[in-house]
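The following blocks contain the structures, represented as structure tokens.
Two complexes, one shared chain (chain A), two partners (chain B, chain C).
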Partner chain A sequence: MMQRTAESGQQLREAARKLLKDKKVGLVVGYAKGTTPRRAKPAVVKDEKDADRLIFDETCGISLLPHLRKALRAAAAGTKAGIVAKGCDGRALVQYIVEGQLKRDDVVIIGVSCAGVVSPRHAGEKDAQELDEACRRCRYSVAPVYDVLVDGPARTDTGGHGPGTAEEYAAVEEFEKRPAAERWAWFERELAKCIRCYACRNACPMCYCDECFVDQTNPLWLGKSAERPDTTIFHIVRALHTAGRCVDCGACERACPLGVRLSLLNQRIAKEVKERFGYTVGLNLDAKPALATYDEDDRQEFIL
Partner chain B sequence: MNEWEPKIIAFLCNWCSYAGADLAGVSRIQYPPNVRVVRVPCSGRVNPVFVLKSLENGFDGVLVSGCHPGDCHYISGNYVARRKFAVLKAALEFMGVEPGRVHFSWVSAGEGEKFAQVVGRVTEEVKKLGPATRLVKGADAGRRVQVR
Partner chain C sequence: MSSTLRVDKKDLDQLVSALVSRYRVFGPVELDGATLLREVKTADGLALEARALDGPAKAAFFPQTETLLYYDNGTAEPPPGKDKPTAIIGLRPCDARSLLMLDKVFSTGKYRDIPWQRRQDDNLVIGLGCGAPLETCFCNWLGSGPFDPQGSDVMLTDIGDAYIAESCTDKGERFLKTAFKSQVQRPSQADLDKAGEVRSRAQQSLGAAVDVSGVKPALASLLDSPLWDEVALECLSCAACAYLCPTCHCFDVQDETIPGTKQGRRVRIWDSCMSALFTKEASGHNPRGAAKDRMRQRVMHKFSYFVESYGETACVGCGRCIRLCPVNLDIRDVLKKVVSRQYTAVRAEAKGQKSKVKGQNAG
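For the complex of A and B:
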């Protein structure tokens, strides 16, 4: 795995400092060194002198988008924000703009060329340098839309050249070959671990609803228990709510304290959306969200 | 108890499928009595949670039915629903839920005959599968899954 150089961090800090100094932005959302070795923490920098804290390396696995929203809400109206964006975060930002959650002019996107991040868990079990699962199938090391790009022009292409080398849907295709009963047993086993802490939802850039359906009590969409049917339905519905929106950044899986393999279902849905509706999330600012639009000629072979 | 009969819930849109079911009734067309009908304004009103919760709470099969494409009272409700259901169906089948549990159909207000056929087909398929076990609350009571 490619190591971040001290130089690239320097470029990032300079870019942030310049934006703050020139009053192009009121704040910069980025990463700072974390309190645990494999997990950087989010940082909101409002002063150019404070920009020294910013880093970018393989520990920067969390998604900054929830923190961007929080920072913009807390800031005075009209404040512009800079945000440090990996390829996946850049796609999520595009999707935010597509969904009307953000105006293009509200953000200055500081693109960083990402070589993949490490999983914060399993420090003892895994090679410390090993790429996270999501990064191994990633195709987008650079944000599709950016204002400033640090860390070299070598990886400015955004299609088909992520840090990952694995086939994008290899895991899905392998899993689909198994018999249905076995697939169900796998999901039961996997989701039985879930304790309904909602860390996945909170870490997810796309789960930005102020009130999530699981938190509503009237109507009570879903039981609050950690009983398996309830947890299973929670995860199915979360996957459906992020259908055609999920950028497969893997933040949910990295956030999960029990190591539930959450992304498989999301990936299957992403594959369906791509094949059926020809939509890939977060590449085009003029796109319409796949599940919020339709084509009269959509295939309907499954309808009686 | 006699032979097991499946319970099937049908979400029918107010403007087409519900009227289709009504027509089947007034035309005295026979169809299996296993369906329980819930009238909804539009197939686009059907939240996937309805389908999942129906299974969780003990229905053995689910049918969602709306107007034919182009006939939606709200112009595009069924088109958007079609995308939603395509994804829902793919997700459920991927997880290993039997394809025969959840069905979708277009039935117009004039298609009483078709409504009866659809219900007949859905009932038959669910009967073949037997009682639902996946996603059902209480089905795994007392069982513990080992957490790694």
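For the complex of A and C:
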């Protein structure tokens, strides 16, 4: 398993302290040590002294963007925020800026070189330690855009499952080869676990709609039951709404209390967006979102 | 008089068969990443060795989605059919205890809930003592323990190759007496010693209980405390804690009418006070519009209002909300903060500042 040195934590705390001291930011959104071995908790730090509780290690799997939005909303107008960002979080931040949800100057991005996070499944268990699947297929250990970069700890032993060791779309390609009936049965089994708690949606950096379609009640857009038709529609619509926007950080799957494998849907779409439009989400501040632009050279073979 | 039997693990199927012949049986089943209560027909696939149950016991009696009636142009009928009585096997003591609390809400208290009562009638709970509590377990804070018999009719203790089955109620006693066709062994002294060891080890592994008797009185002074702002900043406002909580029992009722007809069904669905929609009124006003209002409500309901209504705390210390919270919001920390009094002091200070500002405005 990954061995973390104290180094990155120290550098991170110093960076946060300095930003707060120099009044470059009014708050820093980061991670603090959690109460269970495999989960860090979000922390919003407002003064230098409080920066002592910031950490960065393999338990820091939460995407902090929902907390950034909340912290900025609660803060006085014009407040700038520092945010601790892994590679995936950095990509989500770029996408926020591309989508006009955030101005580049509103945030100071504290990049941390990430060696992957652990899956928090069975978080009460001391012995289970496994690199999250999203991290195995990840190609971005550092945020594409940052203001401060904190050195990551050296990766020593990842048990052969280090970040980037899996083919990016291996899981979805393997899945595509199965017969349709088998694929459908698999989805039915997965979705039977869903309890519509919306942890996936609320933990997702890209699900930032103020009012989600499932919360539209006048008239009701989607039934509220936890029966298959309703849960299926919820997940399909969410996947479609994050098409060309999902950074495949895996925060949704890590948030799911019942281990629903959501990311295959998102990955399938991300693969499509990459192949059709040559677009990878969240790498370039000047990018035009793949599904919000048009190019005459786009593939058109679907037009009969 | 209670009976104690030794049930070899290879004979578990006999026990399950006896249950299935009389009951609709639920038990823990592994579902790729989660262990949930599901209906079982045989001992195959029964995950009694799972470290914990991820879904709450309430689901067997108060399902997340339940059709109350079907309607058609002014007439209404309940769903057809009557289930056999319900049995659960392999329920941990925390979950078993939660059923007694919910019984007060749905059955023995002020209200009679027909679907709940129908399933609770003649039910049977085969508890499974908790040999290896998790780090998130805190049942001992709530006056319980890993082998608390409350809510179980029979309690199983895993001693390795066998379970020691002990009846905790008359109903459990009657069941054990008739469950096995073949001769069942009495446990040897060595078996009983082993079971005793398992129990004391489990109890010790929980660590010292924190005294939470001060929570309710302290909450009374924390209505507008900054504590809630602090906690809400971490919370994602999802419903994982409430839906997985064995004692949370709020629900919504919806009529689902087939478009263009007067036919449809009335359905009851779990609801959660953590959702903004929970209290949104028809006018658009929301009395609990902020996450902190909702967080406060959930804690208050469990540790104050429920105590007032039913005489006990609506928390069994199962720790599921801690273990499965996406952002590690730990109710144990919240309780410690509540009794610390540190937040009442801050509140007074904050209030002082507030009134000063008000005064300036008025001036």
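Details
One rule holds in what follows: the second predicted complex is superposed on the first by the 280 of 304 C-alpha atoms of A that agree within 3 Å, B and C clash if a C-alpha of one lies under 4 Å from a C-alpha of the other, contacts with A are read in each partner's own complex, and residues count from 1 in each chain.
Here is the rule we go by: contacts are C-beta pairs under 8 Å (C-beta built on N, C-alpha and C of every residue); 3 or more make two chains touch, one makes a residue touch a chain.
Every value quoted in this text rests on a predicted model; they were computed, and no experiment measured them.
In the superposition on chain A, A:F213 makes contact with chain B only, not with chain C.
Once the two complexes are overlaid on the shared chain, A:A170 sits clear of chain B and of chain C alike. When the two structures are aligned on the shared chain, A:A180 is found in touch with chain B, with no touch to chain C. Legend: residue contacts after superposition of the two complexes on their common chain; A:L291 is shown touching chain B, with no touch to chain C. Of the two partner chains, chain C is the only one that A:A71 touches; chain B does not reach it.
By the document's definition of touching, of the two partners only chain C reaches A:R39; chain B does not.
Once the two complexes are overlaid on the shared chain, A:A203 sits against chain C while remaining clear of chain B. Once the two complexes are laid over each other on the shared chain, residue contacts for A:E227 go to chain B and to chain C alike. Counting contacts by the rule stated earlier, residues 189, 192-193, 223, 227, 258 of chain A appear in both its interface with chain B and its interface with chain C. By the touch criterion given at the top, residues 34-37, 39-44, 62, 66-67, 70-71, 74, 121-126, 189-190, 192-193, 195-199, 201-203, 215, 217, 220, 223-227, 254-261 of chain A touch chain C in their complex. Put simply, chain B touches chain A in their complex at residues 48-49, 52-53, 56, 69-70, 76, 79-80, 82-98, 103-106, 118, 121-122, 134-137, 139-140, 145, 147-148.
By the touch criterion stated above, chain C contacts chain A in their complex at residues 31-34, 36, 51-52, 54-55, 64-65, 134-137, 229, 233-234, 236-240, 242-244, 252, 254, 256, 267, 269-270, 272, 275-277, 280, 291, 319, 322-330, 332-333.
Within the complex formed with chain B, the residues of chain A that make contact are 172, 175-176, 180-189, 192-193, 213, 221-223, 227-230, 232-233, 236-237, 239-240, 243-244, 258, 265, 268-269, 272-273, 276-277, 290-296, 298-300, 302-304.
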